[in-house]
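Listed after this line are the structures, all set down as structure tokens.
One chain, subunit A, links the two complexes that follow: it is found with subunit B in the first and with subunit C in the second.
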Partner chain A sequence: MAIVFQKPKSLTDVPYHYCPGCTHGIVHRLVAEAIDALGIEGKTIGIAPVGCSVMAYDYFKCDMIEASHGRAPAVATGVKRALPDHVVFTYQGDGDLASIGLCETVSTACRGENVTIIFINNAIYGMTGGQMAPTSLIGQVTQTSPYGRDPKTQGMPIRICELLATLDAPAYLERVAVNSVAHVRQAKKAIHKAFQNQVEGKGFSLVEVISTCPTNWGLTPEKACQFVEEKMIPFYPLGCFKDKENGK
Partner chain B sequence: MAKLTFREDLCKGCGLCVTACPKKILALSKTKLNHKGHAPVECTDPAACVGCASCALMCPDCVITVER
Partner chain C sequence: MSEKVLMKGNEAIAEAAIRCGCRHYFGYPITPQTEIAAYMSKRMPKIDGTFLQAESEIAAINMVYGCAATGRRAMTSSSSPGISLKAEGMSYLAGADLPALIVNVQRGGPGLGGIQPSQSDYFFMTRGPGHGDFHIIVLAPATVQEMADMTRLAFELGEKYRMPAMLLADGTMGQMMEPVVLPEDTVDPATIPATKPWATTGTEMKRAHNIVNSLYLKPDELEKTNYERFARYAKLEAEECRWEEYLMDDAEVCVVSVGITARVAKNAIVAARKEGIKVGMIRPITLFPFPKAALAKAAAKVKGFLTVELNMGQMNEDVKLAINCAKPVNMCNRVGGMIPSADEVLAAIRKEAK
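On to the complex of A and B.
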């Protein structure tokens, strides 16, 4: 018998602190699988965010740096420019990337830095107890929108892939989800491509992953995956928003 | 012929693998708890496993190794 599935080598043996069924863990694994498949563990440097994945540095075997809240793309820019032969990625939540760090996100994309960004959109500030994020859905009840997000006072949710697709510089922008086996397979391909692009010098690549937060959504892990299918994906359509090498 | 190995102490009993299995042969234990205090997943019919690894793909905690 041959092994058809096992934990990727680029993950350490430290058990994740994530809540049961939180799909941050699936995305960590997909990142590690891409690092393994490309054989780049020894020259990869990851930038961890502030948010539930703040301790991502414990889980990846490659070198890791902790950035202050939202600044991961700026740190990645510095690291990549200082060590251009290394592979540099950030792993960021929606509060980190789309709220406090929106400036760094847009500027880094606009400069077309040759880095890889893995963006976890779970429509909430998970770590701090479930406050509204820029990506929270219309009507979504959170700690800071107890009557549901009202666009009149709290604005509309931000679609990051669509926003960045208006820029000329990014090489690759894709939105995926990890709420089902089929979606995990697609997400794996997109994350692999986002790393491969960097290795090939193609430029700024971002994969937005629609992820779950069962704890702060107040749903079981299974129901949270259904919420992604029924509520998140209709507002955040999956697919490729920019792929320069293929003329998109 | 397929073989599943569970790193049982890492299981958080989230049930995502249970939902993902097309053969419906995974279930959370009714008789034991692991170190973390969760009811870990078990295979109720190992002979029926087709080794598709759907369970492992959905496991956030890399609990499951699949051989075929």
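On to the complex of A and C.
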């Protein structure tokens, strides 16, 4: 019988620990598909973050390094400078990349470091039980914004792609989502491009993936996908924010 | 044999590191160690190496973490306030059992403190320079020659025991110029990663993936890593303690000092000997592991100890512990960037000899 669909080769057989309806699984798969398609598993080094995807090192078959909270881009820089012909990617959540590691994120982008960053934005700290993230929406109820995020005292959500697009150095910045089949297809293209850019030496590439956290949002997986469509995407518009090679 | 050259301590470290096969330096400017970064920024691009001025000390140590994970000889350097920021990274390096060189050219503290020499990070570096139960190798140079020699030793011990290693110098050591014979340039950087089968250099589809990690969610597994690490520390202590003894054969007073104060103390000891005072010195070279056995041996012979330090009495506690408080352990110290004169130390020795 012909195989029409199978697990990407660069994923291990370790079962994901993620909650039902969490989109980490989809994004892991898209990353692995890009690695497979480019034939780079043997020369790829991944950097796992602190957050729900902390154990990503168990899921990818390539060499993996666990970084401390927020420091993955600095760790990636250290690896890339040692192994410039290898492929280095980080996989980070919003607390990791947009809060505690914001300095590393901006500085790595500013250096135009030739690495790939997959940024999972689900507007919440999942692993610690649902606290307010730098990307939590206005009015969003979390464990540490129990009355809803109030811009007067808790500030406004941060738009990372737009922020990084002000820099000259990054090669590619795109925001995608994975809440529908059409969006997953677009996300797959963007993630592939972010890896291909690195292989071709084009420089810093970041894909922000609007993701879900049904558990901490208190929504069913289906409702969580609707929340992305109705609440997240209006604040975090999808699209390409920088694509140097195409003059954007 | 390399020729003798006149060099600043900080520059001797940088050149020695390059000659030991280090091709990756990540740092952030801070007085009084910035000459290391400046030297590296000049040399590294000429030898296909990496000099990277990081956005912070935190980023620099994490770049070292990533680079060390690939099996390269990687280093960073800083001074006391910057070392506080590196504490997180040192803990992760230790937790992932990664060797790397960290240089701390100490200045006075706490807080922003000052920029003059100090030895006040002694506790911080030797007790546990970060969260969790761990140590790093700590070496204390007292000459520019030792700054160079210990750079090689730090890389080698770090790799042998899979630990971060630190050169803990006081500001004077970093800033002073002395003649130095640099190590021979015999290490081919390309050959180093091959000696590290755990390194994340890409599987090349020839082996299972390597994971560099310090996370163990199962407590029994984490406990096991702690015990395994401390077994390595015990071996380190048994085999790698280093110290210098000076005029200790007939000594009744034992001065214990490191770095610049050990040199001041030597002058005071010479003067005291002229007065007929039987005084010698034990100069610990490894601060972790601390040469406890050498001090315990001395305790059986001397009347008392005198630590000469640029802090409020930090090594003093290690001496007391090493000799189990068998003899009095007094102190001659200055802090805040002040250095005791030989006369001050001599006066303390006289008092001790009474």
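In the analysis below, the second predicted complex is superposed on the first by the 246 of 248 C-alpha atoms of A that agree within 3 Å, B and C clash if a C-alpha of one lies under 4 Å from a C-alpha of the other, contacts with A are read in each partner's own complex, and residues count from 1 in each chain.
Here, contacts are C-beta pairs under 8 Å (C-beta built on N, C-alpha and C of every residue); 3 or more make two chains touch, one makes a residue touch a chain.
Computed from a predicted model, the values in this text were never measured in an experiment.
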Thinking of the overlay built on chain A, is A:Ile191 touched by subunit B (first), by subunit C (second), by both, or by neither? neither
Per the contact definition in the header, classify A:Ala123: touching subunit B only (first), subunit C only (second), both, or neither. neither
Now for A:Ile47: first (subunit B), second (subunit C), both, or neither, which partner does it touch? second
For A:Val75, select first, second, both or neither according to whether it touches subunit B, subunit C, the two together, or no partner. second
In the superposed arrangement, which partner chain does A:Met64 touch: subunit B (first), subunit C (second), both, or neither? second
Mind working out whether A:Cys103 is in touch with subunit B, subunit C, both or neither, as first, second, both or neither? second
With the two structures laid over each other on chain A, which partner does A:Lys7 touch: subunit B (first), subunit C (second), both, or neither? first
Flag every residue of subunit A that touches subunit C in the complex, lowest number first. 12, 41-45, 47, 54-55, 57-58, 60-68, 71, 74-83, 86, 103-104, 107
Once bound in the complex, which stretches of subunit A touch subunit B? 1-7, 11, 15-16, 18-26, 29, 180-181, 184-185, 214, 220-222, 225
In their shared complex, at which residues does subunit B touch subunit A? 1-3, 10, 12-16, 19-20, 38, 51, 53-54, 56-62, 64-68
Applying the document's contact rule, which stretches of subunit C touch subunit A when the two form their complex? 24, 26, 50, 52, 54-56, 58-60, 62-70, 72, 74, 88-89, 92, 96, 200-206, 209-215
